[in-house]
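So, here come the structures, one by one.
Each of the next two complexes has chain A plus one other chain: chain B in the first, chain C in the second.
Up next, the complex of A and B:
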C-alpha cells in the first residue's frame, strides 16, 4: 500500500509553485538591506548635517536637514583651528608612509614568498607574532626610538611611525601573491640574463598590481585615520598634528564646539571617500585576488 | 664538431640521485630529442644544460667550453618552456625583446631582431598584442620567437607541444622541424615523452629511463634495433609484443602454450621475443607459431589493430590491412615474419639471431 502510494507520487511529479517569485524576493532583500544601510550611515549623515548647524541648533533636535544652514563652522575649522595646516600634515604623512610601505612590503614579500633561505619560517613566525601585540603597548618604545633618531618632534617621525601600522599584513599579502607566481616566469627572466632585482622590478612587481592597489588603499585609510600614534608623537608640538588629532582639539575642558568638530571631521573624510570612489573597483579586485590568490 | 657534450653528468637532490652519469655528444646543427617516460630525468637534464639546475657531478661543454658554473644567459642557450612563460603584462614585441633591452642593446637592434624573428614565425601582426589575447599556438610561437631573438647556439625545448590540442600539436611539430632547417646551424635539444614527436623531429634520439641513457642513435635506431627491453617497449606505437619463451634444443624457442619457433643461431640465452604488430603474418592455426582468440579490433581506416588473447592469457597486437574485418571471438594464427627481436634474461638485446624460415 505504502509502496503503491510512493510509486504513484513518483509518477505524478508535482511542480510546486513558490510562495514568492524570485523577483519579489529580490525586492524584499533589497528593502531589508536598504534599512540596514540607513542605520549604518546615520552617524555619518548626522555628522555632515551637524556641520551645517550652530551649536544651539544641534541640540534643538530639529531633524537632519538644517533649517538655517550655516557655513561658519567650516571657515572656523579651516582658519582658526588650523585644520588647513593639519590637512597638509596628514597628506604628507599619508603619501610618505604609503610610498615607503608599498615599496618595502613588496620587496620583503617577494623575498619571503619566493626565496628559500635558512630562517625563513622563523621570520614568518616572528612577523605573524607581532600582529598579536596591541598597538598601545608599542607606542612608548616607538616614541623613544623616534626620539633617539632625533625625529621625536617632527612630521618625518610621525610618517615613519605610521608605516608600521599594517606592515606585517601587507608583507604577508605580497608574500602569498608572489609565492603563487609560476617559477617559469623567473626562469625565463634568468635565461634572458635579467638579474634578481630587475626581475622583481620589471616582471614581478607589475604583475602584483592588484595587491599594490590594495596596499595603497588600506595604508592610506590607516595613515589618514590613525589617531593614537600621532596623538602621542605630536603631544608636545601642536604644529605637526594630523587631522584626527586636530579634530580632537575641538573638545575643550568646559566646552565642546560640536559644529566645528563635525565640520572638521567632514573635511577629514572627504579625501578618503573620493579615493575610495576612484579606486573601489581595484580595491575589491585586490581583496578578491588576495583571497583567491 | 660537438656543439654540446655531457660527460658523466649526475644530479642529486640530497641523497636522492636522479641523473646517474649521463654521457651524450650532440653535434652542431643536430636536432636531438630526449625521450622517456615521465620522471626519467629528461627535463632535469635539459634544465642542467640551461643552467637552471646545478650540476652535481660531471661536466657540460657547449662549443668545447665547460659551462658548469656559467650563468644561464652566458651559455649561448635559449629555452622554450612548456608553459611558454611569457610575461603577461608585456606585449609580444616587449616579450621578445625584453632580454636584449635589459642587457642594454640599442633600441634599433632590438627592434630589428624582433622583427626578423617575427617574420620567420609569421607573427608580425601580433606584435602589439598581450599574451592573453593569443591562442595557445600563437603563444607557442612567441615563446619560440623569444628564443630566436637571442640568437643562441643551442635551443632548448621543454615539452613545448604538450599544452596544445592534438591537431595543433601535429601542425606545430611540422613547423618546428621546418624551423630547424630554416635556422641552419642551430643545435636543438628537445624534451618530450611522446615517442612519435621524438621520431618525427629528431636527427638523434636519446632514450632515457630513471636518469640513465638507455639508447642513443639515429631516429629509427631505437625503433628498428632496440638495445633492450625498455626501449623495445617504449618506442613504437602500438607497443612491441614482448613474449616470454623457454629455449630448447637446436635453436628452438618454446612459447608457454607448447608451440615453438626455430631460430637460425644459438638461442640458449633468449628469454623474451619481441615482435611489432606489423611483423606478424596470418597463418593456418594448426601450424602457426602463435594462436589466440581475437578480443578487440581497432579500426583506424588504413589499418586494423587486432588484439589477440593467447593461450596463456597475454594480449598481443597485430596490424592488418584496413577493411580486413576480423571477427571478434574467432581464433587466429600468426607466424613471425620479418624482423624479430631477441632479449636475454637481463633484458639486453641479442644480436645476430633471426627466425629460421621454414
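Up next, the complex of A and C:
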C-alpha cells in the first residue's frame, strides 16, 4: 500500500503543469475516458438491453432502455434452449478443474521453486518448452485419450482435460513466488520439528494466497471460456454441452431469435463478471506479480 | 536453498539421491499426471497420428509415413491458413500492446477520477466468454439492422451497410479488431504492473529538474519498462495463437475460407468436414505438428534473442 501511495504522489508530479491546472486536466482526461469506456462496453450493454426486449423491439432498434421490458427471453433460453442444464454442466467443469489445478500446481510449484532434486532442471525445461503449444495441436490426441479412458463423451472428460489449459503458466507462477520466500521460514519450521508436508500446508501455502487467488480466477475464466474441447467432446452428446457451446448451438438453430440469444448470453456472463468484481483486486495484483516474476 | 544442495555428499549414489528427494517426487505426482496426460502425451501422440491415414475409427488406421506431410505441402488451404495465423498474430500483438499501454499510462495516475471504474470497464470484455462475444458481435456487425451499421449510416459516415463479416477482404481485420478489443484489458494490467516498478523518486527528481510530464513518460518511464515489454509480448503472442473460439463462433473460417486460421483448418479436417467427407485425423495432426514445430522454432529463436539483448544490457551478467 505504501507503494501505491508513493506512486500516486509521483503521478501528481507528472501531471502538474503550468498552463492548465492539474485538476482541470484530470477532469478533461476523465471525461474523454468515460466516453471511450461507453463505446468500449456498448456491445455488452446492448446485449443486456436486448435480452429484455421482444424480437420485434430489437429489430425496430429503439433506445437502450426497453419501453416494455419482458422476461420471456430468459424463460425461453432457460427452458427451451437448456441453458439451465448447460449452466450446471459448466459449473461442474469449472469447479472440478479449479480444485484439481490449484492443488496440483501449488504442490508442483513448491518443490520446483524451493527444493533441489535430480531432474528439476529437466522438468523446468519441459514446462517452458511446451508453453507455446497451441490447443489446435493437442486437441486430437486429447480427444482420443479421453475416448480410450471411456470419457470421450462425458463431462468428467471435459473437466479433466480442462485442467491442462493454462497448467504450465500456473506452475511457473507458483514456482516463482515460492522461490522468493525467505529460507528462514522453512528453517524455523524444521527447528520446531514440523515435517515437510505440514510446513507446506500450514506455513507456505497460506503465504501464497495472492497466487492461489490468481490461479483460481484464471482457471475459472479459462474453464468458463473454453470452447474447442467442450465442442469436440459434446459433438455427439448435446446433453453435456457447456454454456459456451450451448449458446453457440442455440445461435445455429435459432438465428433470428436475437432476444433468446442475448438472454442466454447474459446468463452466461453474469457469474464470471460477479466473481471478477469480487476478486479483481487480488486478481489484478496476482497478474501483476506474474509479469514482475 | 544452496545449503540443501551441499548437505548431499557430492558423490552420493544415484539411488541415494533419488531416495533422499522422495518427498519432492511425491509432490510432483499430481501435477506430472496432468502435465503428462494432457500436455506431454498429446505432443508426442500428434506426431504418431500425423503418420497415419485415419478417420477416427481404430480399424481404419493405416501407416502412410510422411504422405500426409507431402500432401500438406501441396495444399493451398493449408498454406493460406498457416499464413493467416501469422498475419493475425503479427497484427494483433502490436496493436494490443500499444492500445493497452496508452490506457495503462493514463490510468496509472491514481488521482484520476474513477480510474478504478475505468479499469474495470476496460477489463469487462476479458471476462466475457469468447463464444458470447462471438454471438453479440455477429449481431452488432450484422449488415441487416446491426447497431454498428445503423449508427454509421445515421451519422452519414457510410452510405451502404458494410458487411464486416461477409466480405472476404475485410473479415480477418474485423476479427483482429474484435480480438484486440477483447484482450486489451489483460495486457493493460500487465503494463500497470510494470509501471508500478518505476520508483517514485524518479518522478520527483524529474520534477525538480523541471522536466515536463510527457518527457518523463517518453524518456524515463518507457525505457524503464521496456524489459517488461518482451514478457508481455510473449504472453500476448501465446494468446493470439489460440484464436479458435472467436473465429469458430463468428465465421467458422468463412466466407470462402477467408478467415480460416490454422486451428480452424485442423478442426475442419478432423471433426467437421465439409459435405460429409470422411474425417482425416492423421492429416489434421500433420497440420498441427507442422504448425506447432514452426511456433516452437520461433519461440526458441525469440528466447535466444531476448537472452542476447539482456546480456548486452548487463555486461557483468545476471
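Just so we're on the same page, the second predicted complex is superposed on the first by the 265 of 293 C-alpha atoms of A that agree within 3 Å, B and C clash if a C-alpha of one lies under 4 Å from a C-alpha of the other, contacts with A are read in each partner's own complex, and residues count from 1 in each chain.
Note that in this section a contact is a pair of C-beta atoms (placed from the backbone, for glycine too) under 8 Å apart; a residue touches a chain by one contact, two chains touch by 3 or more.
Worth saying up front: this structure is predicted, and the values here are computed from it rather than measured.
Judged by the touch definition given at the top, the superposed model places A:279 against neither chain B nor chain C.
Of the two partner chains, neither chain B nor chain C is touched by A:70.
In the superposition on chain A, A:99 contacts neither chain B nor chain C. Look at A:184: by the touch rule set out above, it reaches chain B but stays clear of chain C.
With both structures placed on the common chain, the touch criterion links A:193 to chain B but leaves chain C unconnected. By the touch criterion defined above, A:151 reaches neither chain B nor chain C. Of the two partners chain B and chain C, more chain A residues are in touch with C. If you check the complex, the residues on chain B that touch chain A are 50-52, 71-74, 77-79, 81-89, 98-99, 102-103, 146, 150. If you check the complex, the residues on chain C that touch chain A are 1, 3-5, 14, 17-18, 21, 23-25, 27-28, 30-35, 37-43, 45-46, 49, 106-114, 118-140, 145, 147, 150, 181, 186, 189-190, 192-198, 200, 202-204, 206-207, 212-213, 216-217, 228, 231-232, 235, 238, 241-242, 244-245, 248-249, 262-263, 266-267, 270-271, 281, 284-285, 288-289, 291-292, 295-296, 299. Contact residues of chain A toward chain C in the complex are 3-4, 6-17, 22, 26-27, 29-30, 33-34, 37, 40-41, 43-44, 46-47, 50, 59, 61, 100-101, 103-105, 107-108, 110-112, 114-118, 123, 126-127, 129-142, 144-145, 160-161, 163-164, 167-168, 171, 179, 183, 196-197, 200, 221, 224-228, 231-232, 235, 243-245, 247-248, 251, 258, 261-262, 265, 268-269, 272-273, 276-277, 280, 284, 287-292. Residue ranges on chain A touching chain B, taken from their complex, read 182, 184-185, 187-194, 198, 202-203, 206-207.
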